[in-house]
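Residue numbering begins at 1 within each chain, and the chains themselves are lettered A, B, C, D and E in the order written.
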Amino acid sequence: MTATADTIPAADMKQTATALIARKRLIAFAAPAVILAYFVYLFFAFDILGLVDRARMDNARILVADSYSYKTHITHDNRNGGLNFAIEGEAKGTYPEGMRPEFVEPIGEDAVRVTLKKGEMAEIDGPTLRYSLPDYGTVTVTVEGRDIILDTPDGQVPDWISASSARVDITGEGGRAVVTRARTEVFHYSFGWELFWFTLDSPFYGKSFGELAGLALSGDRVMPDKSNLAAIVSDVWNNQMWRHKDVLWAIFETILMAFLGTMGAAMIALPLAFLAAQNFTRFMSVRFAVRRFFDFVRGVDGLIWTIILSRAFGPGPLTGALAILITDTGSFGKMFSEALENVDDKQIEGVSCTGAKPMQRYRFGVIPQVTPVFLSQILYYLESNTRSATVIGAITGGGIGLLLTQAIITQKDWEEVTYYIMLVILMVIAMDWFSGWLRGKLIGRGQAH
Amino acid sequence: MLDVQSLTKRFGDKKAVDSASFSVEKPAMIGIIGRSGAGKSTLLRMMNRLSDASEGSITFDGQDVTHLRGKDRRAWQSRCAMIFQQFNLVPRMDVVSNVLHGTLNRRSTLATMFNLYPASDIHQAINILDRLGIAEQAPKRAEALSGGQQQRVAIARALMQDPDIILADEPIASLDPMNAQIVMDALRRIHEEDGRMVICNLHTLDTARRYCDRVIGMRDGRIVFDGSPEQLTTGVARDIYGAGADFSEAATSTAIETLDRQSNAQRVPA
Amino acid sequence: MTDSTLGESLGVQRTAEIQDAYLAMARTKRMYGGIMLVIFVALMASGFILADDRNAGGFWDGILNVFDFPGEVLKEAGEKITLLPALMVKFFPSLIETINIAAASTLIGGLMAIVLSLLSTRGLARFPALIGVFRRMMDILRAIPEIVIALVLIFILGGGPVPAMIAIALHTAGALGKLFSEVNENASLKPLEGLESTGASWTQRMILGVVPQVAPNWLSYALMRFEINIRASAILGFVGSGGIGYDLKNAFSWGQGRYDEVAAIFILLFLTIVFFDQLSSHYRNKLVGKA
Amino acid sequence: QEITEFRIGILGGENAQDRMTSNECFRAKTEELLGVPTKVFTPADYDGVIQGLLGGSIDMAWLGASAYAKAYLTDPEAVEPVLVKVNTDGSYGYHSIGFARKDSGIASLEDMQGKVFAFGDPNSTSGYLIPSIEIPAEVGGTMESGDYFGEVKFVGGHEQTIVAVNNGDVDAGVTWADGIGEWEDGYNSGALRKASDAGLVDMNQLVEIWRSKPIPEGPIVLRKALPERVKLDMVALTASLKTQDPDCAYNFMAGEALGVMPINHDAYISIIEARKSKM
Amino acid sequence: MLDVQSLTKRFGDKKAVDSASFSVEKPAMIGIIGRSGAGKSTLLRMMNRLSDASEGSITFDGQDVTHLRGKDRRAWQSRCAMIFQQFNLVPRMDVVSNVLHGTLNRRSTLATMFNLYPASDIHQAINILDRLGIAEQAPKRAEALSGGQQQRVAIARALMQDPDIILADEPIASLDPMNAQIVMDALRRIHEEDGRMVICNLHTLDTARRYCDRVIGMRDGRIVFDGSPEQLTTGVARDIYGAGADFSEAATSTAIETLDRQSNAQRVPA
């Protein structure tokens, strides 16, 4: 390789370049190092080690298992006798007299055999429970007066049995059983969301889709007072276990909160924004006051507005809508006034030079310019407020947010939680899609936010 | 009929227009020339009352319009249409709506808020567009039009005002030579056929010479020339433009013939 | 006005056609506009009535009492105004925790968003066939409210700041991922092709070719998100996940007697939000070079 | 003076949906009796109900004693207690129960020194007010974090307390129970019983470490501003519920109870004093 | 050493390159000419493996590179540098870093992330820049350089790869004549001094004639000419460009002398 220029500047340049790369290297290391240092600090500040200790992976397992399966309680009342089968142990999931799940087999008076998963089996025979596991043998638990007697094949109590004189809890691989003096309960786990469409008391329970379609079309009424289709719809709609009616109402309430809040805020913010925009309001003091007002309502945050308003309006969707309205008046006011300050004066001048009145000047000089910007911001907020409304609902007591947080806090209805979460996701995605669609319709593609 | 007396506009210390006086007896086509910053736009804006004069007076048909306020000022503006270099249309609205803005002053606020114009106005707007050769564009958005078409829409809006005076602030400065000619022709013919007064700011000498009955030259806010196009010699032009002996008219020309050569030359490397 | 024309006139016939067509168009537009307006007003009105009906308290009764509650708080805070500074110091550590949650989740979520956005931008994606998958993933992450993830995680991880941090980080990953991929779409592919032609790997192309182009905009969006996340983290504290929101909730729900605490926390929170709001909009303007 | 609708507030403790379901029969009876639309509201926490009563947007609720005290202290003219639930044994009180995990080795408050202690909701009588007064007196310290206990925190409600203790997030907590019956069953009624029935906890793994003096059951309150006739009607309806419709009464009272009996403000003076002392 | 056999690239129905075959025995400077859309870029991109061939094969020194994947493909790319019409540098990065990108293939991702380039590489980068006469620009951002300088940075990056082949896709099409000459001179010198093979897409005939040892003409994706510059008569050129009898070389010329006139003409209207 032959050098074409003299080599003195090249040598200098080598130093410069090496220094340059060294500096870049330093930055390249420094940024991750700072972040890493921060994470190390957080590691201790957030007590991650303690967290690892406290993390309850078995809870995670329960959560996951419960979200796609349900359990049926087979309960024997040890005081008064009598057997009872109930899905999730709830009154509204109780099998009516004469009906029983297919894995329960009567073996005598007050005695049933429950076939569990993984080859396990449980027999309730009056006050006695026999729980048999394929490679362990049969555990027998008997309630005798004030005592509960546990009998295992090898006489030891394995760690999956928790026993005291008042209570025995057997957790098998394929099922679970609890015996107290009051009652003996066997839990049978099955896949799916049981009773999602029909509760046990519905004549349509247990029918396949084909049968239902046939019934819906046939003229023979199952219920004399209404057509089959109406009966089917009404049974699903009024399902006491999953309460589809209330859930859909809740979803609707949430969207309502977002809609009223967003649109109301936009309507209030629009005139105020003119007062906050430099090019429309001469008076510094007015502008300053309106801007601080925007900052204030925005800064206070929807959460706090929710609490403040719930005294005046009580729980419900209106309170949530008003909280969104107040916060977003601030956000919209700020954004709108910024958009107004960026308007093109040429158009306004073009309109005013014809002798247009002030209102006409705004209407034709300003509004056409800012509508696309405003609309796109409003629709963007409409979508994001659907999510906020879920959270606000959890605090004010309205909408799907309340159902969801309450179901989570109770920590046992994970299948309902899953159901609600799925609905919330669908709702937000639908709103996202809808606002995008509307934006496209109203202001044309490519002009989005 | 139009009488401007010692009109002055101050921006801070600077006089953008410095006691300009001239008067016009009967409708004429008047060109105002001068280099950038000479005060041409400022003068026109004061006449339309888009901005207030610092001193002096503007009288039209015996009425002093210099200090009109509110309703009266707007009434004056509606008699005195204005056309801008950048067209100043509402780009998102359709062409006819833009033309109809010329009627805003005489229609009630409420009706116009909802875009409610009488059918007769709409018919007239389309007639005017037709007269300017762009009736086909009527339902399009203004922003979808070419520059020359947009300027004709602006002229249509001005005509819609049915004004006594049309003020045009460098109406052809953003246009290519072809469109410039169409627009200037239109203004000239409006003057000739409708008998309206047209006052037109122009960057270039030859346009002024070709289209105007009378030329006013401005320099640093003052009127330094006022006469017929014939009186506008190269010497006078040098004076107006403050140029040295190397001043050549061709450099500021926008005439089609002169430019054709250049635009051909431009086309080669593209 | 004379009838002479200045361009090529179309003739009376054609002009009349245009006039009719325009009038018809204007009428249709006006009708649609009117219908839209009526629908909107009807939706707003019926929505309001419905919400009012399903609410415990009515709007018109409640509107008179809006200031009762703030009044109570202000009254007590006013009486104990001398205690406020001490209380603000007392709650400062909680505030730091809230800010830490926001910062950590913005960082983690931002890093996830970078990866997701690169994977889901046409022209940059490592696995072009999976772009749709990553996009849906971001949609879902964005759609789940933080509070849901936080509450579920509290069940598994117990209370404290970590569930909140993870919840906000996940949401942030989705929200920023979408914004980032919009930014990425505007990045020039030329430098990337240049790098590819030298035999650079995907990671190298992304880091050396894309990041320098998009970093300022990324940063600007991340700052905006940080500001949002401070609020989110305060809210999550409110439903049981540490930070200043937790203190606020306890003071608030105890009510009278602790309104001075409410006031102190409120001032802290408000100042913080306003402070970071201003800070972030300042730097954002700087970054994207707004005048 | 007429009312156009009647609004009942129901406290937390269950799934919001379940709360609606449990009280549906009571709602229907009220609607029938008063002849105006009746709605049930299920705010997220105690404070939501209290705010509703204070703001006049909720007409009737079943409060805890401390929650009533809060309402009274904020506005003495807002609500009045009318009825109280009577337990199956004729008493109308319950206890605040301190409990811990058996495997943590904690058996009494002495073992809790330096450990993490959890309250429920600040407006709960058994979950905060009473223990926050009685426990410091017993251990001879304060309830400030870092004084006697290593840390004292609020976890939000009875359910959360039970779960937090069971999970080991906190070392011990307080919740309510009637104290009658077996520990292993979670007693006859109370939050522990519900959690145990729901399979949320295994009572064998928990141990009681403290028990408060009896706490008066919270009152059913009505808004004072309601017309007299409405108040009388509602008192009558609630009082006769047990005899008229035992199932409905079971749901409304969240378990077995003998019934309700009238009560007035005086029964809660001591609680109000207790709450005042915490202000 | 390089053997291209029936190489074809389909975009949908369209064949952008249609069974192109040629082989090169020893390092040479080869020009590929053809009008816009002839398939020149597509051919080069397949050779660098920026895009996959639909059919046919590319063999280099006995190795079939047509279907290499992942690591092997990248290794091939590092032996076969590419220069683009639009330079394709990272505009916000400094010149040295851009040149150092030529070493990416032999360095680990992590090392390049942290800018861990060995000092010897940095020195070599400066040497190469020096050789191309732009060492002074080393610390500047690439975007701050003129087009000709940027193209030289791109060449420097290619040299940094120490490649066997340099592919250049219309390297001078975005440059003014002065810079075009510098860049072509540089490529020629690299070929002569380093003995690297250079394959260069060119828009214009005279450049190909002046710099290349061999010229390949493409039309509609097919190779229609392959021979020495001397064999490239006007008749052949007409064939390649599909032009009629009015074809004049000057129209596509980039020689300094011819263009000087045009760029003067361009200056007039500005």
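What we mean here is this: a residue touches a chain if its C-beta (ideal position, glycine included) is under 8 Å from a C-beta of that chain, and two chains touch if they have at least 3 such contacts.
Predicted model only: the values in this text are computed from it and were never measured.
Counted as hops between touching chains, the shortest connection from chain B to chain D is 2.
Closest chain to the protein centre (all Cα atoms averaged), using per-chain Cα means: C. Farthest from chain E in terms of Cα centroid separation is D.
A rotation of 170° superposes the C-alpha trace of chain B on that of chain E, rounded to the nearest 5. Summed over C-beta pairs in contact, the chain pair with the top total is A-C.
Centre-to-centre, using mean CA coordinates, chain C is 47 Å away from chain E.
A separation of 81 Å divides the Cα centre of chain D from that of chain E. Chain C has its Cα centroid 18 Å from the Cα centroid of chain A.
Rounded to a whole number, the gap between the C-alpha centres of chain A and chain D is 27 angstrom.
Each of residues 7, 9, 41, 51-52, 55-58, 156, 160, 163, 167-169 in chain D touches at least two other chains. In chain C, the residues that touch at least two other chains are 54-58, 62, 65, 68-69, 155, 158, 160, 239, 252.
Contact with two or more other chains is made by residues 97, 113 of chain E. Note for the complex: chain C touches chain A at residues 40, 43-44, 47-48, 50-52, 54-59, 62-66, 68-70, 97, 100, 103-104, 107, 139-140, 142-148, 151-152, 155-158, 160-162, 165, 231, 234-235, 238-239, 245, 252, 266, 269-270, 273-274, 277.
Those residues of chain A lying in contact with chain B across their complex are 346-347, 349-357, 359-360, 363-365, 368-369, 371-372. In the complex of the two chains, the chain E residues touching chain C come out as 48, 50, 73-78, 81-82, 84, 86-93, 97, 101-102, 104-105, 109, 112-113, 154, 157-158, 161. In the complex of the two chains, the chain A residues touching chain E come out as 1-5, 7, 9-10, 13-14, 16-18, 20-21, 24-25, 28-29. Interface residues of chain D facing chain C in the complex, by the touch rule stated above, are 7, 9, 39, 41, 45-47, 50-52, 55-58, 70, 73-74, 121-123, 153-156, 160, 163-164, 167-169, 278-279.
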